[in-house]
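Same chain, two partners: subunit A is paired with subunit B first, then with subunit C.
This part shows the complex of A and B:
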């Protein structure tokens, strides 16, 4: 049997195995492929750099374990930048699992920079209600945030008392995996209160956000694991996004080869008929 | 200790799910059923502790806010189709929900989406660098020809047909970019799982 005919009937499990190897080998033997910084990522970094010390940054963890692989590294890198810049972090979440997951990164990185809970950072937890909640949050935070994620009254913390309405928030960073998420922050919160919004999204969602960058409604975007890797590079953090970039690149090359070979086989079969 | 048990459960369930790539099997089915059961239980807890209790019953029981009775009664009307004689009452919560949703969506979409996006297409095509002019022209032409494709009141012939065809090309490029990002996302999820297995479970990555 000719090679091209063998390829036409290749067992798909061989392709799965090749993809698995393309992921595993670069993780075990890193090649250190360069990570170029794109403008939307650089713009978020610059915005954080430009904020005065002790400014309040709202980090909205709008994801769950299903997208943890893409958004958790972005959470870590962004929090690292905020604490290094001595900014105060007010965490909230539009998805139930988001603030629980992001809380791990929040506590870990806050400890690294000797930050105090309630003074330098706080986790207000999951707040249901989507767009209605966001509109209320901007008008009067106390209407929707009464306790932190552990059920302690929010006004018992200095940072809890400091955030009264949208005017107290210098920047909102939404780590978004879908609905409700970045689109709600843009169309409801920013449109009504004018607070600058930045986002980290899953790669699937990233193309839909670019029109909002063009219109100035979004400062920038960390798109998928690649965006997180860029931010890790900017903040000089050795995280798992950068570690995964070699695998990402190798798998992409492999997929391009699969598509090319698949098309060659298809053309061959059509001509043969 | 608890953390180690958690990591082992997560690792074994990950392998059980990936075993489907070889062929459907007992371990995959077990993992799938556990996932469905855990998800249902998780959402039941979330719906009670994050939605119903703090927004409805807690204000009524703890703060004696009797206004909370209104949403409770209106909410219960959603179940009236179970009683044929009172089934007409479902119109009240439905019309309320529709009215509020429509008002919210229409006003905010116009204010926060349509107008700013429209404004973003009013771009200068003179007095800019060559690259900016080309980019701006691409955006303007792209928006116009894509909109032309969705204009169905006249047959797509002549200039209209040409513009519509160009619109299809712009959309195809956009779909291609979306698909590329989708592939990237799926690969990222795989990397995340493999990283977990090698780093957290096996400890071979530092």
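This part shows the complex of A and C:
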């Protein structure tokens, strides 16, 4: 019983230390746990596979460095799939830091597949205005996109000239960390123009998107780092997401143990009273 | 009188025009609606400018009056200025100076702040996630299944775990979320109508006429 008394008043720094160890040790000594593929992830993969070559995919980097750990691996895996399938990528962002961050992955992966800027891929940069900007974008891209992220007129690039309205976009992939993000794309873009939408979100946002999957408004979802790991597995890319799965597994087990111990302490305290 | 009624007239006419234009595909309606939307996008850019001015004003005041932790305000303003100089005069947001600061300061600092959540969640799991009522127990059981089934170790323990999680997400979670979404959207529609009809006027501020 003395042990339970001690557990009831455990210093939270001990819990922090255990979490830190649960993160660090599996990164240093990987266990290689198998990554299963869920249907919402498989559906996005299948959609990309079904697109004809040279189709235009809009990748919207709607996140910032705070959620980089979860959404950057998803960005890399999705771009890898697009370029491997010889699709054209039109990047845009509803968050100021998103396109700067995703541009690193865009350039790296484009170089790997010998893609040409302006012809095979382009970065239109951050566009403010949220839902109203999306409505204008779908109707007439030129109303909201006049230059690329570096300030060069978008019309000077073949891909810039090719995207005039929503009808030219085969798929929207929003990498979303909040507001504005996936919900705006569904409500204002998909509802108005009918363009198929897929998303990658932080794990905490994932459950909110399931009603839109079952209604057919969303093709699928890469939920958190696990979703990114599933996509990495599908595209056979050895990335940061699969590497992080062992750590995430152990941390989740540790949290379940914390919950169990916390409840044992609760029962003990109730009985004592 | 003008100060009171002019905003109401603008909101009423613009709001109802946008609703009507949505259902009328005539060119004039669509073009005017598009022009109004473009104006909105332009105005949003001013908000960014106003936001920066306000941030600078609040922090400068803090420094001048030497309020608690005014040192953080100095750091904030110095880096705000540095990022702006790099963005405007040293090659834009794709320039070396801007990217160096973005990749080496903003990315790791923001990621660190977000990562701290894991530690607070762990502490909360131990101290607050208690089965005190039947509802709380149900929530706790569902949370434990999702936590285990959402990571590869769940699949490794039992291959059926991810399917159970998908069922929780697709059935109870979706049903509940739909209820919340419908409720919130009905509230949103009634709020929008209150604003358009001039019943809700809090957006006009509480100042004297």
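Quick notes on this one:
Quick note on the criterion: the second predicted complex is superposed on the first by the 272 of 273 C-alpha atoms of A that agree within 3 Å, B and C clash if a C-alpha of one lies under 4 Å from a C-alpha of the other, contacts with A are read in each partner's own complex, and residues count from 1 in each chain.
We adopt the following convention: a contact is a pair of C-beta atoms (placed from the backbone, for glycine too) under 8 Å apart; a residue touches a chain by one contact, two chains touch by 3 or more.
Note that this is a predicted model, so its numbers are computed, not measured.
Applying the stated contact rule after C-alpha superposition, one finds that A:188 touches subunit B and leaves subunit C untouched. Once chain A of one complex is fitted onto chain A of the other, the partner contacts of A:19 extend to both subunit B and subunit C. Contacts of A:161 after superposition on the shared chain: neither subunit B nor subunit C is touched.
In the superposed model, A:243 makes contact with subunit B only, not with subunit C.
Contacts of A:255 after superposition on the shared chain: both subunit B and subunit C are touched. In the superposition on chain A, A:27 makes contact with subunit B only, not with subunit C. Shared-chain residue A:139: touches subunit C; no touch with subunit B.
When both complexes are overlaid on chain A, the residue A:150 reaches subunit C alone and has no touch with subunit B. Looking at the superposition, the partner that touches the larger set of subunit A residues, subunit B or subunit C, turns out to be C.
By the touch criterion defined above, A:214 reaches both subunit B and subunit C. Residue overlap on subunit A between its contacts with subunit B in one complex and with subunit C in the other: 16, 19-20, 23, 67-69, 128, 132, 135, 203, 206-208, 211, 214, 223-224, 226, 248, 251-252, 255. Residue ranges on subunit C touching subunit A, taken from their complex, read 30, 34, 37-38, 40-41, 44-45, 48, 92-94, 99, 102-103, 106-111, 113-115, 118-119, 121-123, 125-132, 140, 143-144, 147-148, 150-156, 159, 162, 166, 169-170, 173-174, 177-178, 181.
Only residues 13, 16, 19-20, 23-24, 27-28, 67-70, 96, 126, 128, 131-132, 135, 186-188, 190-192, 202-204, 206-208, 211, 214-217, 223-226, 240, 243-244, 247-248, 251-252, 255 of subunit A touch subunit B when the two sit together in their complex.
Of all residues in subunit B, those touching subunit A in their complex are 21-22, 42, 46, 50-51, 55, 104, 108-109, 111-113, 116-117, 119-120, 139, 174, 177-178, 181-185, 187-195, 198-199, 204-205. Residues 10, 12, 15-16, 18-20, 23, 33-36, 38-39, 64-69, 97, 100-101, 103-104, 125, 128-130, 132-133, 135-136, 139-140, 143-144, 149-151, 203, 206-208, 210-211, 213-214, 223-224, 226, 229, 245-246, 248-256, 258-259, 261-263, 266 of subunit A are the ones touching subunit C in the complex.
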